[in-house]
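This report refers to the structure that appears directly beneath it.
The first chain written gets the first letter, and so on, giving A, B, C and D; residue counts start at 1 in each chain.
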Amino acid sequence: MIYEVSEGKTSVRVDLQQVGEGLYDVTIDGRTLRIDAVRSGRNVYSVIEGGRQWEISVDENGSHGFDVLVAGRLFHLGAVDERRKLLAAAGQVVAEGKQTVEARMPGKIVKVSVAVGDAVREGQSLLVVEAMKMENDITSPIDGRVTEVAAREGDTVETGAHLVVVDPGGEAP
Amino acid sequence: MFKKILIANRGEIAVRIIRACHELGVKAAAIYSDVDRDALHVRYADEAYPCGPAAAAESYLKAERVVEIARACGAEAIHPGYGFLSERGFFPDLCRDAGIVFIGPSGDVMRTMGDKVTARQTMEKAGVPIVPGVTERLSDEAAERWIRDVGPPVMIKASAGGGGKGMRLVRDVSEVRTALARARSEARASFGDDGLYIEKFVEEPRHVEIQILADTHGHVIHLFERECSVQRRHQKVIEEAPANRMTPDLRARMGEAAVAAARTVGYVGAGTCEFLVNPKGEFYFLEMNTRVQVEHAITEAITGVDIVKQMIKIAAGARLELTQDRVGINGHAIEARIYAEDPESNFAPSPGEVLLYRVPGGPGIRVDSGVFAGARVTVHYDPMVAKLVTWGRDRPEAIDRMRRALSEFVVKGIKTSIPFHQRVMRHPKFLEGHYDTGFIETYLKDREPPDASAEEARRMAISLTAIAAWARDKGRAERAAAAPAGTGPGAWKAFGRRAQMRGGLR
Amino acid sequence: MFKKILIANRGEIAVRIIRACHELGVKAAAIYSDVDRDALHVRYADEAYPCGPAAAAESYLKAERVVEIARACGAEAIHPGYGFLSERGFFPDLCRDAGIVFIGPSGDVMRTMGDKVTARQTMEKAGVPIVPGVTERLSDEAAERWIRDVGPPVMIKASAGGGGKGMRLVRDVSEVRTALARARSEARASFGDDGLYIEKFVEEPRHVEIQILADTHGHVIHLFERECSVQRRHQKVIEEAPANRMTPDLRARMGEAAVAAARTVGYVGAGTCEFLVNPKGEFYFLEMNTRVQVEHAITEAITGVDIVKQMIKIAAGARLELTQDRVGINGHAIEARIYAEDPESNFAPSPGEVLLYRVPGGPGIRVDSGVFAGARVTVHYDPMVAKLVTWGRDRPEAIDRMRRALSEFVVKGIKTSIPFHQRVMRHPKFLEGHYDTGFIETYLKDREPPDASAEEARRMAISLTAIAAWARDKGRAERAAAAPAGTGPGAWKAFGRRAQMRGGLR
Amino acid sequence: MIYEVSEGKTSVRVDLQQVGEGLYDVTIDGRTLRIDAVRSGRNVYSVIEGGRQWEISVDENGSHGFDVLVAGRLFHLGAVDERRKLLAAAGQVVAEGKQTVEARMPGKIVKVSVAVGDAVREGQSLLVVEAMKMENDITSPIDGRVTEVAAREGDTVETGAHLVVVDPGGEAP
């Protein structure tokens, strides 16, 4: 089984072979690891590789994403098997085009700082969401122009709610 | 001693107070909002009463209702914990009028200390050093003028504020207007009062606070200091006791100042005087917290004194059995606040169900949890899910234990600040003990530079991602394959059909 | 300091040693039998290696294999924990020959102290008081003769024994024969050696032991005493430090005796001299445990000394940084051993999967767990799943905290001794601190007399039983009803049939 | 719903009515309790009755048995609804007749002390099972005569394995 595992923009080809109960040969850039991975409780694996033992927590995050916690370090990785690559590629195109800014958490919109047509810079505040008694700035992921504002002040929004769309097409001032 | 105490709070501090009650043989009555019926503080309580809908303003902040519940269930005293009603001057009055003991100082003391402006004036009279600033409530114009005069950096604060809400640091005059606006809106949202005041900002400040205990018989002692300089957005994240770069002389002078402050206002109960200390060892009164602090546990660790039990005994009229010369510092303690938030995405709150919860153990470890496996963390309340405190014979041992304990701590279902704390415990500046309140902003803004061990970790992360993806896809495939097969409901149907066939053959 | 240590053990003590390694920045290598691949000590280790099948004799007791694993993975030292190979004299020799440091005393010391008979003789020479008895190995006939001469009560013990295995109390001459037979069979089963010896039984004895530390430079200190008089079948169940009814004078004399014992045999590492103390305050040497004790944690709690880290530092050749006058007793600590056993059915072992595991927290609590939610407790090893230690400024506070902590401790899936400990913490004799090793047999044999609170508890138990039965029956009924309904696989079939029908209509 | 809840030989009639989500009226000897019982995790209930809160652990034990832990006290209770009573009654008869001694835990039989035909007294040792390195005496629940010995020394037995049958019929010596 071949998986394309990606971190941000970089990605690596991983060849995975199950060779026994909870036993895998994992090949990354031509180097093969024999991995003994047992999972108990909720996706907290005990992993033994070449004698070394790691306790590794793996959480699915979205359709192809995984949050992996290893030795106090958190990695956000994506994995698609080769048959799914085209799909993923398509996803990429979208990701590089218009950016739909979504709510990262449920909360109340206390301020909307932009309107349709506004030019915005990456990192510029688009709106402020209050959750858990804290005001959280939601910023623009890219330079561009606001093409849609779905959020209104006072709205209560759930995680994943579409708030603002920014189009890199319109050049920033 | 009281027979029953009502705890007007939730989460880890409610659990903490219930524990104190149980150790004193006192019944603990909890209150719970609609979303807290199954919360840990309810499970640990001897009695529990609903107090309203999820929104705090409709439940935990409904002072009259809380007092009525206490009266109805026969509680002789109310412990407010921290946050919620704990520093509302009218609440102790309300309790007194209902004939219920409020575990804490009087309403008058709260009003004096609760309003930062009055507090500064009072401390000034008591001879406690304070930071230069404008004490009267200001219009935006007046504020801007004052700032132009004394010049930045200055700190804008909410008069009714606390816990960093409504606080803004202004390093350039151009930021003043927006800073004032945001500060007022936050102040209004958090305290229903948009009064602001302004102070000169102390450079390289360290946040050092003194814990005091005062009984109803005029005895006041201090339990030494805590350093709380590791802050994010003026929220304490990591605290330690004793403080770094502390001298016996400075400790004595700060202790005396805190005791003087308490005496001046006729303080009763446990309280904390917060100071800023600059590199020259000059200290300035910041504010007094007239309640138990989140970080009280590190003082308990180095003194052996159970502060919450002391609060209850004091409220019951007992004399302090402790004297200043009978308390001492034993070793070093560090607290890491575990928040339900995602350190990777700007510490955004991360509510959800706690699916797995494995706390660290062994020597020198204390965990105060507000959750358990199966508990829900909601967006309605403070995102702190646990406090991890480690103790050691010295600071290095306390840090070794913190690093060790964080690596054992497993929380699944919600994101937590555990990885952030692990990073702090690796940071040379923290290990040196040489840092100020700018520590996080200065050193932890950027991603950590990759090192060898990070690369090994990454390789394992990539491998496990492939394995997890494979397991998931395999699972899906098997479920799909299983569907047609003759198991469960399918089998019933198959049996039905066979029966019909047999019938047909008759 | 070592770079890597192999831990030749499992369960909570392996976890305890791993924690010490991590705090010292030393890599910890674990070994695991076939049934322990997913055990907690593996999950906490930096490295882990299989050591054989489930049966201890085939895995954790295979000395040569353990040493070979250590050599192969480059471990410079081996920590044996307690039990298993920890007191086998040949094991330190084996390590030495393989060029690996054994964390503990030499094989010779173990042989001297390990054989109770030789140990008694050695102590007698060192001027340490011992219980009258026959030291040479005895035939059944000789044993019976001696017992008739000195008269019962006498205690029969296994020469190679420990932990109460093979011990029998004989109060009447008629019991001698059966007692000897059972003792020999247990001794053979547990130690592969049926050598026995006999001692006069001390009336109203209290078990008090002294913890000592000895470095390789001739420095020997003691860390005061522990009382372990709460025993069942000569197995310690609850321990506390300091001991009850202890005087500074007695403490000093027992401490000196223990240090003398250690010096006499040239002891190195952490060790414990066990004594019996009678109501007159006379004490008799019982045995010396040449390893870390299960109950070492209560000494850590009152002294602040990390005994396991000290063992490692000593083995690495470090001088004790501690001196007798720099260690003191701070407060009081109690340990309750949580066993996987059913107190209601004669403490029968209760193996199984741990379904839920919620440990207590808050001030003065330490938990050393060997399991976690999802772990399996097997019949192959010691049934202890956790140690609960509480600390207080005085004994009453430690007991208050123990009672409080036990009420918070939730373990599901296996039965545990938690309810038993709760009963002990309610018992007036224990609260007085006036008890001896006969405590359990004397006071806890019969069911507890019902009281008012027991009646309330019973009413709730009856109500919840009805509710649980109702929920279960309802669940069954619903599952039965659900079966025919067209969901999941059923729906697929339905869809298939519709498709066919449409086809037929074309 | 009427349940017969029994503890040892005594039993009580319990009338259970669900009056809401997790809310029940429980009537015992004419006294009705309004019980709010929420269950999270594994059958650890948080129960509120008249303001009092109890954390109560309930485990099924056999077909009609429950082990209930309340405030540090463990109760072994049985519950059958009235339709099942006859069944239970039948069970009772058996229970008062021949006693089949079963293994309480998995282990190895190191000693069998009785043979078919032996007269035994209540509490007398029948055999010794070793588990977790401890020798455990298995004793006779009643006075009677041994009518069957299924266990042999050296056998490894699982929980519930039939070991010995004792018949109260044969009068003890």
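By definition in this document, a residue touches a chain if its C-beta (ideal position, glycine included) is under 8 Å from a C-beta of that chain, and two chains touch if they have at least 3 such contacts.
Since we're looking at a predicted model, the values are computed, not measured.
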Inset, instruction - Please state whether A-C or C-D has more C-beta contact pairs across its interface. - result: C-D
Inset, instruction - Compute the distance, rounded to whole Å, between the mean C-alpha positions of subunit A and subunit C. - result: 47
Inset, instruction - Mind checking the centre-to-centre distance between subunit A and subunit D? Centres are C-alpha means, answer in whole Å. - result: 53
Inset, instruction - List the centre-to-centre spacing of subunit A and subunit B in whole Å, with centres computed as mean CA coordinates. - result: 29
Legend entry - Shared-contact residues (touching 2 or more other chains) in subunit C: 44, 356, 358, 372-373, 407
Legend entry - subunit A, residues touching no fewer than two other chains: 41, 55
Inset, instruction - Based on the touch definition given at the start, go ahead and assign the chain network to line, ring, star, complete or other. - result: other
Inset, instruction - Provide the full list of chain pairs in touch. - result: A-B, A-C, B-C, B-D, C-D
Inset, instruction - Write out the stretch or stretches of subunit B touching subunit C in their complex. - result: 15-16, 19, 22-25, 44, 297, 300, 304-306, 330-331, 356, 358-359, 361-369, 372-373, 393, 397, 400-401, 403-404, 407-408, 482-485, 487-490, 492-493
Legend entry - Residues of subunit D touching subunit B in the complex: 36, 38, 40-41, 46, 48, 51-53, 55
Inset, instruction - Would you tell me which residues of subunit C are touching subunit A in their complex? - result: 29-30, 37-38, 42-49, 73, 372-375
Legend entry - subunit B contact footprint on subunit A (complex, rising order): 1, 3, 5, 7, 12, 14, 16, 18, 24, 26, 28, 33, 35, 37, 41-45, 47, 49, 54-60, 64, 66-81, 104-107, 110-111, 130-137
Inset, instruction - Please give the residue numbers of subunit B that touch subunit A in the complex, ascending. - result: 165, 182, 185-186, 189-190, 233, 342-346, 348-351, 355-356, 358, 379-383, 406-407, 410, 412-413, 415, 418-419, 422-423, 426, 453-454, 457-470, 472-473
